[in-house]
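This is the structure I have questions about; it appears just below.
Just so it is clear, A, B and C label the chains in written order, and each chain counts residues from 1 on its own.
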Amino acid sequence: MSEIAETAIVYPGTVIGEGCKILDYAVVGKQPTLSPRSTASREELPPLELGAGTVVSTGAVVFAGTTLGERVIVGDQACVRERCTIGDDVVIGRGSLVENDTSVGALTKIQAHAYITAYSLLEDNVFIAPCVITTNDNFMGRTEQRHELVKGPTIRRGARVGGGAVLLPGIEIGEEAFIGAGAVVIRDVPARALMVGNPARQLREVPDEELLGGPGDT
Amino acid sequence: MSEIAETAIVYPGTVIGEGCKILDYAVVGKQPTLSPRSTASREELPPLELGAGTVVSTGAVVFAGTTLGERVIVGDQACVRERCTIGDDVVIGRGSLVENDTSVGALTKIQAHAYITAYSLLEDNVFIAPCVITTNDNFMGRTEQRHELVKGPTIRRGARVGGGAVLLPGIEIGEEAFIGAGAVVIRDVPARALMVGNPARQLREVPDEELLGGPGDT
Amino acid sequence: MSEIAETAIVYPGTVIGEGCKILDYAVVGKQPTLSPRSTASREELPPLELGAGTVVSTGAVVFAGTTLGERVIVGDQACVRERCTIGDDVVIGRGSLVENDTSVGALTKIQAHAYITAYSLLEDNVFIAPCVITTNDNFMGRTEQRHELVKGPTIRRGARVGGGAVLLPGIEIGEEAFIGAGAVVIRDVPARALMVGNPARQLREVPDEELLGGPGDT
């Protein structure tokens, strides 16, 4: 049994697991609408799949071609684009956007108003604070080579990215690293480094008691 | 008399003052949806209360357990969470989010795309520019002690926070202070200080003619 | 012929060109709702006009008094306010807001979560990366003179503004300039300058191969 609000729109074919909730005015399973000028493929994507216990909140939009794991929460007015794979127990905060072709590992939390660009990889247990900004195109729409170079961030297991931090295209954030609020990260960050500033520089290491599996991991 | 659009959803028990307007696709008075893993209380919150003349705009979401004063405007596609107290004549801009357990004083303006974290206190006559980012958890989801240390900003009467500024957890912004656009505020700010940069440093004082009750307060 | 979802709300008088699509829960052609305290004119605005082939996506809101050109895409959950003029082939990304009295030239791309303040001018072929923040009021709501001094950015032809960059009020960004991600721009930027940092300083010039009409303009 799942609970689907009368005003929710569920596109045909969408696979809805046991115990899912789809709240008022949510739209799930929609196909992308291509511009008349787009050169992207016009083939229909496979249907959206929602794992057991997953919640799509009020006014959220989730596209076809994506798979959400079990007990995922897509917050109010959030959006998840096509061809994403979202692991179990992930939270996607209110108003956030996860762009196409992105993979998010289990137990990762993306808080409100975050922007996860296309072609991103977030591993398990990542923490994305509110309003984090990611990017994937150093050329911002110019040059032919940009198409092969477009690359979102890779954020390794247990890394934490602070409120309003900005990640430049293709950056790798190492395991258990900590990016301070408002930092602008312009190169790869080693595991466990604590970074602050614009441009971000390393201040110290993340202390033992904040590591995954440590005494403070609750 | 109040005007409620046919497509607005008003949850039972919501108290709607004289002359309120609730626009298309707004959802007002909803209870929070807890995750299966959440340890938060599952008791039902008291109904939402809207003071006289308050407007909830198109596609906005306002939760139960919250009280909005008189002549408040909740902008299009904005969201106000549970257990907030919002004073008279407050504006909450388009797309902004006011998280749970937050208090906002009379005449305060929160412009578009702002993020006001949980457990924030904004006093009267505060000005929050577009895209301001606030935070409340220095530990970003790790350690047991974070639960007792979680703390949003305290923004005193008449303070102004510029576009895209980032406030670290628990920061106090003094009365009539002015935070420049893009500043990253990492410690408490004295009354009337004008701060800029990352990290923010004091540049000068706010001039007399910009103070509340001064010649420029119109 | 145009395609209008059953759940879309189209206000009377809205002019809809050939081949337009208006998706689920979009609201198009609405009049502004003024606060009881507002001194703005209460005259009804002329209807919204949508050029041929324009798409208003799921949950988006577009106001009366605005004109969208041909083949414009207004992304999911985005918003365009009143009295804007949007050129042909413009993209307004998911969740972005274009405030009132703004002009956007042909082929300009505004990516997701951007904030374009009121009284902005964006010329043709501008690129606004995700989460860009613009401002128009140095006085943040104080002083009488602010009303005549309010001024959004002027962004010249072919300029590119990076993810999360912040533009102070009234800034002019020259033709083909490039603002790096996370930069805070506090004064006018010359044509073709590449700027980074907080406050932004010039690092170098944009290379030939990235200019409009050059070999990389595809």
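In this text, a residue touches a chain if its C-beta (ideal position, glycine included) is under 8 Å from a C-beta of that chain, and two chains touch if they have at least 3 such contacts.
The structure presented is a predicted model; accordingly, all values stated were derived computationally and were not measured.
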For the copies subunit A and subunit B, the interface residues, called same if over half of the numbers are used by both and different if under half, are different
Angle of rotation relating subunit A to subunit C [CA atoms, steps of 5 degrees]: 120
Between subunit A and subunit B, what's the gap in Å when you average each chain's C-alpha atoms? 25
Which parts of subunit B, given as residue numbers and ranges, touch two or more other chains? 25, 59, 77, 95, 113, 131, 164, 198
Within the complex, which stretch of subunit B touches subunit C? 7, 21, 23-25, 53, 55, 57-59, 71, 73, 76-77, 89, 91, 94-95, 109, 112-113, 127, 129-131, 160, 162-164, 178, 181-182, 196-198, 209-212, 215-218
In the complex, the residues of subunit B that touch subunit A are 9, 25, 27, 30, 33, 35-37, 59, 61, 77, 79, 95, 97, 99, 113, 115, 117, 131, 133-135, 137, 139-145, 164, 166, 168, 184, 198-199
